[in-house]
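What follows is a set of structures to go through.
Next come two complexes, and both contain chain A; in the first it sits with chain B, in the second with chain C.
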Partner chain A sequence: MTGAGPALSAAAGVVYALILSPIVVVLLLAFSADNFILFPPSGYSLRWFIQLAANGPLLNALLLSAQIAVAVTALSLLIGVPAALALAKGGFRGAEAMKSFFLAPLLLPTLIIGLALLLAFTPLRLTATLPGLALGHMTITLPFVIRMMTTAFAAMPDDIEAAAATLGASPRRVIRRVTLPLAAPGLIACAALSFLLSFDETVISLFLSGPRAATLPVEMVRYVEGRTDPLIAALSMVLIVGTLVIVVLVERLVGVARAFGNERS
Partner chain B sequence: MAYLELSGLTKRYRDSVAVDGLSLSVERGESVALLGPSGCGKTTTLRMLAGLVEPNEGVIALDGAEITRTAAHRRNMGYVFQSYALFPHLDVARNIGFGLEERGVARAEREQRVEDALQLVRLQGLGHRRPRELSGGQQQRVALARALVIRPSVLLLDESLSNLDAKLRDAMRHEIREIQRSLAITTLFVTHDQVEALTMCDRIAVMNRGRIAQIGSATDIYERPATRFVATFVGRANMLPAERGADGRLTLWGEALPAAAPSGGEVDVFVRPQRLKLAPAGEPAGADMARVSGHVLNSVFVGDHIEVIVAGPGGQRLTVEIQSGDAPPPDGAEVAVMWRAQDTLVFPREAA
Partner chain C sequence: MTRQPRLAWLLAPATLFLVLVYVWPTLGLFRIAFNEVGPTGAMIEAWSLATWRHVFADSFTFELTLNSIWLSLTSTFLALLLSYPVSLFLFRTESRFRSLLAVIAIMPMLVSSVVRVFGWLAILGDRGLINSLLQSLGVISAPVRMVYNWTGVTIGLAESIMPYMILALLAGFGRLDRTLEEAARSLGAPPWRTFLRVTLPLSLPAIALAFGLGFILSMSAYITPKLLGGGRVFVLATEIFEQATTNTNWPVAAVLAVYTLALLLGLLALSNLFSRRLQT
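Up next is the complex of A and B:
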């Protein structure tokens, strides 16, 4: 600690408490034994977790959300990484303009994107389908991947790739053997964040979901509209633990990628 | 036609000309230094040779074949980057073997050649280290081994020693020179350090503002600099404005100079500090000697020699180098400064 006085530490503690307190509330509610949301609960049990395991619509939504997130992540990387490579390394005219263009969706309110997608997808019969929802989420994740990876590629020292070229590696081989391995930590982080962005996405999904197909956040919104029992708290606990697992996994993977030498000494 | 021919090579950037119509011939097995101040276009020249930068004009020919537009990965140039540019995600052996893998050299031969290369740069047993686990000098050797193992047509070294400390630099200088000689590998060596250029290469090309100012042996460059720039950039120099006497002959500090003057225009006189000798005031100059008189301003002990600063009647200064064993004259002493007439060079004033 350098110069942060006790007052500042105390202030930081209060802020943390404020941020974390809703999670504590959810944690306690998830183990409630009551029929309704009552805080603090009058007793504790696992009954809402058991109820959750038998709730068809929510489990289906969870499965759909996971499928969408996997597809969105894979497609965003498949399209976004080559695009970022071209933008960062291609050096063609208009690259700057294209970078701004790809950033634009990130600045647009998701409400507007959702409405526009609904209008565009309805005649194409893409609403309330896995491909439609995945495409919708990619309006968020793809610009994000392109943006992050363009920065990551641009920050890479050019000489290392030039060295590979002088040693006989064709441009394709340079990308495979040098550029991508060096970008591994960025790629892993991008994949994880894409997954979480898609999994968590609510606004666009609300526009594009229907009775046939709803993502987990949409199904959760619908559930709390109709009822007020601690089931949702139990589900939230599951999601929090799942997110933590992903974060720890990414930390580990990025750490491993770094250990393979991407960090400059 | 020489083994490597650069002719009229030009590289322009948006607001500057990095290399300006540069021509250079290098014989097979020869080692040539590109010596010049920072920003004179040395790196750009090397990068054009390696195919990493495309020239706007000019031709590069290797062994009779034009390679001006050949892609970098088809040129077979061994490039040692100033930053070393080792692959941080590969161990030392795979760094060195990279070029062989790209060439499809079979595993057994590859391992043998990597082993030989490690031995050549005296890094045996370090094949499994990561680059960041090596010292700067060791990383430098890996970069050298990696460039040599592909048996390049030309070895290109870009300020390869400038990141090393002085002692290591000396050792590496000799090592690289030895390797270059024993493998008889054609080498272009970029440096802004004249000692490196003078000791490591058969010929030196002194560059200034994207052009070659002079090319020749170390002795040529040092003893017979072709331009004022070369004279002052390589080695230490005294450069003083000369006057013209009534008969058109040159004088310095009011005394006649036994040096031929180019006709017309203002000129400067050039003489190296270590060619100057101090003598008691009033001592006459011998035959074929130049002589001026002044007084000692001060003396500076620089280790292997002493610099004695002598001021003339007009306040202009000459630096005289004497051996550090000799006692310098006291400050303020009247002295004569003498040198052989043949050590005097005369350059037009305006030409840089």
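Up next is the complex of A and C:
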């Protein structure tokens, strides 16, 4: 049997419409002229974008989320990339066990991680602070960075590094001048993913946020709990466009598949 | 490249981080489950089962467990019904746009859960898409309530786990041998019969794995039950959050968290066992 057949294609089409409907509805609602969630809107305007530009708490939260995401990405790469390099190139005993250890946080629901961090951070006065939130997000981003970069390093051909070593380059020099430049596409894709994961993280942030410091998803949850007007739709539109820009940029810059050496397999 | 055992020390910073910010807090969570709550509500350091007895003597815990399991079963079943045709379509299609279609199918993963919940409020709400449509067609006179109750949460949760289930099903379909379908067809079986007697039985292991994954994700979901439930839907996840933040009753939150984790581990073992049975 070849192809998908008309019945299956039609069924898949219906489900696609269902999957995309909440996103399409949010994008349309962003231009609503109404005071509350009415769909389809009775009129269209840019008023909710203007309101958004004047909403202090949401803009402050946006700034905090961006700062956290930058810090999280930098730190995750700083400690994750060396670990991935060691796992991919080290070849020591116990490397497999270490790989599983580094993936462990992804097995635990964020609800449990968030609670554990709340209990651990409160005595240290780390809750509702930028460092506390950043450390919390890193429990998610670091396993991703290590996992992705281990794959990227392992997929790299060994012969160029071997040639550099034969020509007298020290191991440290080989890593700096050969291995890392070759891994640049993977590093860029990893940084983008890490930024997005931190920026979107909601459950851990809900546990670790307080009245003083709340990330954007936390402010959004609070807003939706209290009121139902299209302001959040306008903000969602901005976020979706931002995410798309990052994804397309990375794809154009490096190609997501190429970044992890798939084209060689 | 020659193997370099000396590189092992490069693991140190990441290991130190995970021990301090993941292992230690998780152990702390287990430890706090054995503390007690004093009469003033303050936490008392102890090694006792008092909090466990208190939590499990409360019939509300039983109700929460049933709610969580029922919600996860219904939303995972709904998500499976919807994910299966999409996965089979992606597996079989020879379209040039196959990889683009696959990305679109898992796109909700890239969109914040709060945004998607907001979309469902606009679709299912009293003045949302479905109610407006049905009222303008004259099918109903008053809006049907579909948000801030179990209906909305089930739909929203099903949608949020679908990308993961589609990926799991696709991975499982890799084992599907198409020549068997071709044989059935060439022997004269109509398509529906080929599907029921060949395709479906062969994809049962994939279904079991996807179902297990979807169930575990639904059991630990917080945002969707909280926002689409509007404070009227009570599950283990919402109760853990309430106890930890609003009530600051840490021992009770910790006991409920350990209990939920145990339930998840049990279900994971069950789903693995089931999937392996089906493969042999």
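We take it that the second predicted complex is superposed on the first by the 240 of 265 C-alpha atoms of A that agree within 3 Å, B and C clash if a C-alpha of one lies under 4 Å from a C-alpha of the other, contacts with A are read in each partner's own complex, and residues count from 1 in each chain.
Here is the rule we go by: a residue touches a chain if its C-beta (ideal position, glycine included) is under 8 Å from a C-beta of that chain, and two chains touch if they have at least 3 such contacts.
Note that the structure is predicted; figures quoted are calculated from it, not measured.
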{"item": "First, second, both or neither for A:165, with chain B first and chain C second", "value": "both"}
{"item": "Partner chain in contact with A:51 - chain B first, chain C second, else both or neither", "value": "neither"}
{"item": "Touched partner set for A:129, first chain B, second chain C, both or neither", "value": "neither"}
{"item": "Partner chain in contact with A:67 - chain B first, chain C second, else both or neither", "value": "neither"}
{"item": "Which superposed partner A:151 touches (first chain B, second chain C, both, neither)", "value": "neither"}
{"item": "First (chain B), second (chain C), both or neither touched by A:196", "value": "second"}
{"item": "Chain A residues touched by each partner, larger count belonging to chain B or chain C", "value": "C"}
{"item": "Shared contact residues on chain A - chain B and chain C", "value": "162, 165, 171"}
{"item": "Chain C residues touching chain A - in the complex, by the definition given at the top", "value": "1-11, 13-15, 17-18, 21-22, 24-26, 28-29, 32, 82-83, 85-86, 88-90, 92-95, 101, 104-105, 107-108, 110-123, 125, 127-129, 132, 159, 162, 178, 181-182, 185, 191, 216, 220, 222-223, 226-227, 237, 240-241, 244-245, 250, 253-254, 257, 260-261, 264"}
{"item": "Touching residues on chain B, where the partner in the complex is chain A", "value": "47, 50-52, 71-79, 81, 83, 85-90, 98-99, 102-103, 130-132, 146-147, 150"}
{"item": "Contact set on chain A toward chain B in their complex", "value": "157, 159-160, 162-171, 173, 177-178, 181-182, 260-265"}
{"item": "Chain C-touching residues of chain A, taken from the complex the two chains share", "value": "1-5, 7-9, 11-12, 15-16, 18-26, 29, 36-40, 78-80, 82-83, 85-87, 89-92, 98, 101-102, 104-105, 108-113, 115-121, 135-136, 138-139, 142, 146, 158, 161-162, 165, 171, 174, 196, 200, 202-203, 206-207, 217, 220-221, 224-225, 228, 232-233, 236, 239-240, 243, 247"}
